[in-house]
Amino acid sequence: MPEEALENKMVIKDLSMYYTDFKAIEDVTFDVPARRITALIGPSGCGKSTLVRCLNRMNDLIEGVRVEGEVVLDSENVYQQGFDTIGLRRRVGMVFQRPNPFPKSIYENVAYGPKLVGIKDKEELDFIVEDSLKKAALWHEVKTILRESGQNLSGGQQQRLCIARVIAVQPEVILFDEPCSAIDPVATQLIEDLMAELKENFTMVIVTHNMQQAARVSDFTAFMLVQEQGQPGRLIEYGDTNTMFTNPSDERTERYITGRFG
Amino acid sequence: MRARGGEAVTGACFKGHAFADRENRVKVVMLACASVAILAILLIFLFIFRESLPSIRELGVKNLFFSTDWRPNVADPKAGHYGMLTFIWGTLLTTFGAMLISTPLGIGAAVFIDQVAPDSMARVVRRGIELLAGIPSVVIGWFGLILLVPAIARVTGTSGYGVAAASLVLVVMALPTITTLSAETLKSLPAELKEASVAMGATRWQTIYKVLLPSAREGLLIAVILGMGRAIGETMAVQMVIGNARAFAVSPFARTSTLTTRIVTDTGEASGIFRSALFAQALVLLLIAMVLIILIRVISRKREAA
Amino acid sequence: MKGSRADKAATVVFWALGLVTIALLAFIIIEILARGFLTAINPKFFLGKPEAIKAGGGIFPMIISSLYLAALTILISLPIAIGAAIYMAEYAKKGRLNNFIRFCLDSLATLPSIVFGLFGLALFVIYFRWSYCLLAGAFTLAILNLPILLRSTEEAIKLVPNTYREASMCLGASRWTTIRQVVIPTALPGIMTSTILPIGRIMGESAAIVYTTGLFIRNIPISPFDTAAPLAGYIWYAQSEALVPDYRQIVNGGAALLLIIVFAIYFLARWAGNRYQQTKLLGPKMK
Amino acid sequence: MLLSVGCGGRPETADDSIRGEVKVAGSTTVLPIAQEAAVEFMEANKRTEVEVQGGGSSAGITQLKEEVIDIANSSRELQPGENDGTIVDHKIAFDIIAIIVNPDLKITNLSRKQVKAIFTGKMTNWKEFGGPDREIVVVIRDQASGTREVFDKIALGSTSDKPVWCVPSAIESASNGVIREIVGATPTAIGYVSYGYVNKTIRAVELDGVSPTIENAAEGRYTMARFLHMFTQGEAEGPTRSYIDLVLSDEFQEEVVGQEYIEVKKVKRQ
């Protein structure tokens, strides 16, 4: 990969989030560099999934959620008054823990996003679908069965279909919420390879509880932890992945990555 | 590619307000659909009340609701007497009779489904109860008329029509409600409850009697109240077997009427204040139903608190 | 041991109670079918024209009335139920309004059907001057069935996995687009399935329609504003007026036919429900 | 809501000139006549539609006044409160009310006094009439019935000022047919029906020694009898007129009315 100056695609500043009265995460601050993969790790329940959902305001959909602090995307705070959340989610796409293709055909799954912005032209749609499926490394497996239900694919294929579906709307950032936790190791390998390829065009954030995966795929890593039951999740350490895994500065990070808890 | 993506994004941003606008409009439409329920209840209240108002005003609360003097006059409605107490009593009496049988039977069948029966048998009974609930009331009424009434007549030497026949028919109507809801309540009890009791050496019967039924008390009560609601509201089946008399029933074999049967028998021919008095009977049914609903709300709130 | 003897006795009692319900059902079915089955399946009867006072009448217009009424009722109530269910499942926030809507739905579900009947008479037949007609009955039954239909529709919508909604939103779909493009299509088989059972209930309902649709006709109703005589109402009318000499046979046949129709609808609903459950609710298939 | 859109044709005129709809409702006693007439009328006039419903005399009169129907069948006279002067009366037959009992009861004759005692509930056990020691089950018609009104008037001496009511435990039935059914099926029942409904399943008893027959009624010996009516709002016109004319025609009176009722012209008393 050619060296280039790091620019920050997203900046998270003093972010706290509440479920009604309960504070789920507190004062989280870190950067998401452009065209790099940032991993969020930590034991389950530390708020890493909650945090990643703050980045494209998916938590807005849950009743009683309140957010303080800033999430800056290209120098604009996405939590500012009147910010277009629908546009935001188009720019910041998401791949979920369990593969969740719609109960529609493979083609329709990928064409869903482009159709939303009013692309109706058949040829253009065909092109986007093929291009997205190719980028998701799924094209050769499904090109003859585009009209079949996306739910008939295997788990790993479904997850790649979901990635293709996100790629089709040309997002700037893709959030992965434990994308491999529900699929087998071979399929996991495929997706990790895919992420490495996508790095050329997309900024990515991946939530994972699998430290090896974080070590393998990510450039930067943020470690989150809940100190005690009932307390909010906090960011313990953030930095270059290599440094973090070889020479963590915080004792708690070290204990976690050496497998002493979590 | 990037440029096109950018365009799309600006497009979406541009459309942001339109989206928000449409979102709100859609939400309002959906809310309007949901509000049909509110509207319906209000309209029902309004129209039933409006139609019963003349009789309340003309006859007074005492002569209308608390009198047993029912001597309607079709040709000259104002000349009639429209006391409905006989029929309120008839409703209560037939319902009481029905609950006397259907409560133990329904809860017993629910215990059978949930605790005693092997799975296949439980499924058979559950399906059977659902089918029973689906039998139209005219069919049950006809069954009562051609089988129950003659049977009661033979055994008791009365005409066969009356409170007893009505109550038996109502058992069939109330039983599915009570059984289904009781079984649901029992099923929703935590499994540990039963395990704990059995672990202490209790027999199945002791577990049911001392642990399960008391813990399910509120749910069972709600089941019985809803069953009662069905019995109070049932019309056709009762009308076919109760004898349609205007006598105040004192014996289980007396012929009388209930609020619902009086309404369905007379509405076709009533006009003026006579019809208004029938609407007043519907108003009483409406109020009874409301009382039951509020009762259920209170009980379920208590259950949630507990 | 005393405890175990009581236990055995209780087991016997519970078996008896369980079996009594089944016996009761079997008894009713056998008695009704034994009396009316042969009449019910006689084409002269179910395809015949009813007689007002002479023997030998059929019930074809009544069957048509019932089907017509059921279709109209579903046509009126389904869109409202779906809209309301979407609101309750997708938009409604916990609060007073939501609570009040639920309260109203519970009340509607508990009101005796004869009260709906009188309401329909007062509003549609008299106030709107529609006279006795299918539409008056259909509106009355639409309100009567709203709570059931809404609840089953709402359940079908709630069964749509939440991650579908999230995925759609994350692709930049608005809430409504998500509902329209993803939630409703996914829930549709479930909604359709849950519509079948209320049809059975509509076909069996009598108290709510005797003073809204009418009780006796000789010709097949064509317009929604035509007087009609749904089967259940006609059965009641036939036995309560006994104008035709062979009314017993007609009521026996009608009751058997109604029972067969309602049970057929029940089993259809069960079958469709099972199928739907197998294909949809187990979620995405994993190979 | 007058639905008849006829063009004033008389029954003698050609078939096609009479067209439109006639809605008829009311007395179940008149129903058989009205229905039979409807069938004949529609056969003769293909472009007409006659719809006949029951409901009882009073219901029919109410609907006529509300202009929901064109003809109200009635088995009783109009009451003072009902006639605002616009309703026109067409007497179409004369009918007997027969008191009927279950054939198991060995009772063939009742005095008028006994009838009153039974129906008003002063006597409640067949024992008092030499029958079995069983409760008397009284079966009567609903309030809208003209038959009931005439029965109450003649048998019980009821007047509009001083109404006499049947025993409260009496079973109210919606039609003659149902009374016959219940009396036929209940060994201890007594009731009353229009003469046309008398058959073998029940027994018609003599009243003061006079049996309810057409001759006895026509000649005034059996007094529990009344005219049957078809009322219209104003003079009948169009198909409604033609329909009533058919009912009153000699042929129809003889062949249909005469079977179970008494033809209007044969009645000597008014």
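For this structure, a couple of remarks:
A, B, C and D label the chains in the order they appear, each numbered from 1.
The criterion applied here is as follows: a contact is a pair of C-beta atoms (placed from the backbone, for glycine too) under 8 Å apart; a residue touches a chain by one contact, two chains touch by 3 or more.
Not measured: the values here are computed from a predicted model.
In terms of the stated touch criterion, the partners common to subunit B and subunit D are C, listed by label. Across all inter-chain contacts, the pair with the most C-beta pairs is B-C. The chain with its Cα centroid farthest from the Cα centroid of subunit D is A. Of all the chains shown, the one with its CA centroid nearest the global CA centroid is C. Computed centre separation for the pair subunit A/subunit B is 52 angstrom, with centres defined by C-alpha atoms. In this assembly, the C-alpha centroid of subunit C lies 39 Å from the C-alpha centroid of subunit D. Averaging C-alpha coordinates per chain places the centre of subunit B 16 Å away from that of subunit C. The geometric centre of subunit A is 85 Å away from that of subunit D, both derived from CA atoms. Shared interface positions of subunit B, defined as residues touching 2 or more other chains, are 12, 19, 268. Residues of subunit C in contact with two or more other chains: 172, 174, 240.
In subunit A, the positions touching at least two other chains are 86-87, 90, 117, 169.
Within the complex formed with subunit C, the residues of subunit D that make contact are 1, 28, 31-32, 35-36, 51-54, 68, 174-175, 177-178, 180-181. On subunit C, the positions that touch subunit B within their shared complex are 3-4, 6-7, 9-11, 13-15, 17-18, 20-22, 24-25, 28, 31-32, 35, 79-84, 86-88, 90-92, 100-101, 103-108, 110-119, 121-123, 127, 143, 146-147, 150, 172, 174-176, 200-201, 203-207, 210-211, 232-233, 235-236, 239-240, 251-252, 255, 258-259, 262-263, 266. Interface residues of subunit B, counted against subunit C in their complex, comprise 12, 19, 22-23, 26-27, 29-38, 40-41, 43-44, 47-48, 50-51, 104-105, 108-109, 111-113, 115-117, 121, 124-125, 128-132, 134-143, 145-147, 172, 175, 179, 203-206, 208-209, 226, 229, 232-236, 239-240, 260, 263-264, 267-268, 278-279, 282, 285-286, 289-290, 292-293, 296-297. The touching residues of subunit A, when paired with subunit C in their complex, are 56, 58, 61, 63, 86-87, 89-90, 93-94, 96, 98-104, 112-113, 116-117, 151-155, 158, 162, 165-166, 169.
Listing the residues of subunit C that touch subunit A in their complex gives 93-94, 161, 163-174, 177, 181-182, 185-186, 280, 284-287.
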